[in-house]
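Below is one structure; the comments refer to it alone.
Which chain is which? They are A, B and C, in the order written, and residues in each are numbered from 1.
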């Protein structure tokens, strides 16, 4: 399911004193099966952008296509159920949406809403809970007895149980400790690799954006600033800094090494391993020159 | 060094049926230092923090703050004035309808006169660079700005200690930077003792001293440079190593003969350079 | 949604804005009593003039006042029509079946409509020129004597101001949960009544859980910041009664005297 935005504009609170242009003529393409990260300063329009993909927000101008589903500005009320079945959305702090008496019932909520039978919903719920690594002994307990990290995984299972083709993640690791972060990110990385799901992730973490994505989209003031491979995007350090963004910590470190070597080069390395190799190359290079 | 907090043999559990979440904790805090308490979520570090200003009273052991026991009911309000606490969620600690009302809240509780309040209010707001927002309502502020207001409310009470209970974990990178800079300035210029509860080791390496918590126990204590010599333990309890250490370990595995002292990126770069020029 | 709930305080620099909230509260109360003295054309016109004077002194745009009136316009119209048919006296203007519209009925209806409208205008003016927190402060101060008979006046005022503070936060939270559940296929807007009621549960439970968590956090934060009730507490805001306030009350007394004099 390819996703395209054509000249999409979104205005909040039109014709009130609080009118705000949140998206300004955005045109992008997210290919089917890709892992796309969306970065930008708080208030740059990242969240507004992704909420258009499953019809939670409707464009004020422009057109959005998700597979065969088309959303135009100015069109009448539309049933988004079919679209939302295909596009799962994990909100920021998704554990705040849990409400059922038991964990398994909560995970079934999504599939049942989309008209999947009880038996099939339960089956999918169990699969999803296994996928997020919550032991079966928990399934019939109340979700409110869990720790924050466990609740987050239950909420994610609730989205996965619908078996969407596209998953949108709005800062999925906010507030988690390092171990929890790692678990969540590798879960989605795995889903992307194994099931070819399209993943769209809004994040503040440049290293995550660089390490997991095929494409990075940079938003600024409601406008599309940059889009392309992590390499392409993170080599434009000056531009990113101008809009209040950083580069991955590996590159920050390489900058320090390069600086010491008197070089103005930029090296796009995103894992510690790649960066270490680059460090060794730089050191040897300096020696060769001497 | 003058001790400002002394915790001895502290144990705590939420109810009798439940296991202890803090087990036999002993440590001291020196006046003017920056102490980080690290551990993963659920390690007991936040519960420990709440023992330090008497929000939680331990079943066993004692907490002595600036000469007062937290178990002393007469002194509890004085202890809470001496020990300010910034919580995790910026929204859930903002009491006032506006920024100035919120900063004044603590001073009102402690019965300060209106003249003193007005004076300290403007000073505290200037200190956290929120003086332009005195009349703003909380829903118009960013998370980082709200946390700065919380800090102003504490500073206005002229405390000795400020506890940051994961105060940056819900903020974006910019908000995080603002808060850390603000608290660093307070530590440096006003000699405020800082106790920072965090799971972010990158943040913690800048402290004077670290305490490592795991499953309710205090398992390590020391200066960052000493503590990070061996990294296996920190990884085992689910903490993410600071970048310079990850890099140092990988470089060593690739055959670069580095020592195990570098903790900051600058140190690592320097060491690489010395090593390289001596080869 | 926002503007509706938070009240419509419009911060301006005017005579009415600078009044002590206490005098405004007492003023509105007095005015509501005085209104019932008006019973002929002259007294009603006096009431209307007084309202216009208030609006002028508040520098408030008429459209804001109208916004306050709009919501109750239907009720005013309804009482007007009801009175038109029910009240009697004077000469009959026209008849339609059982219904007779008389001159007496017509004037009576106009007076009652004016009475409701001026009351709404004055209370709207109060909320337009006084922030919710000022109103709470004013109420606390006015109700202070009740503390002597152990009424929890301070607690009530604090509760009010914290509720006001958290309204925008909770609205935001509600919107977020509605969206999150909508993304999971829940639908609040279509379907049968039973279906819609069922769809409320996934919204209400998280909202309550969240609100309780907030309340718990807030209580903890307040305690950490030294809150221990009214005892020994000081206040940043001092209410100041000035000549302006005395002027307002005098004006109202004068109005009352005029009305007593001019009424039938």
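Some points to look at:
Everything below uses one rule, namely that a contact is a pair of C-beta atoms (placed from the backbone, for glycine too) under 8 Å apart; a residue touches a chain by one contact, two chains touch by 3 or more.
A quick map from chain label to UniProt name: A = Energy-coupling factor transporter ATP-binding protein EcfA2; B = Energy-coupling factor ABC transporter ATP-binding protein.
Predicted model, so just to flag it, every value in this text is computed and none were measured.
At the far end from subunit A, in terms of centres built from Cα atoms, lies C. The pair with more inter-chain C-beta contacts, choosing from A-C and B-C, is B-C.
If you average the Cα atoms of subunit A and of subunit B, the two centres end up 30 Å apart.
The mean-CA centres of subunit B and subunit C are about 45 angstrom from one another, to the nearest whole unit. Of all residues in subunit A, those touching subunit B in their complex are 41-42, 147-149, 174-182, 204-205, 244, 246, 249-250, 252-253, 256-257, 260, 272-273, 275-277, 279-280, 283, 286-287.
Residues 40-42, 88, 142, 169-170, 172-175, 199, 238-240, 243-244, 246-247, 250-251, 254, 256, 265-266, 268-269, 272-273, 276, 279 of subunit B touch subunit A in their complex.
The residues of subunit C lying in touch with subunit B in their complex are 131-133, 161-162, 164-165, 168-169, 172, 213-214, 217-218, 220-228, 232-238. Partner subunit C is touched in their complex by these residues of subunit B: 50, 53, 55, 77, 80-81, 84-85, 87, 89, 91-98, 100-101, 104-114, 117-118, 121, 137-139, 153-154, 157. Put simply, subunit A touches subunit C in their complex at residues 18, 51, 54, 56, 81, 84-85, 88-89, 91, 94, 96-99, 109-110, 113-114, 144, 158-159, 162.
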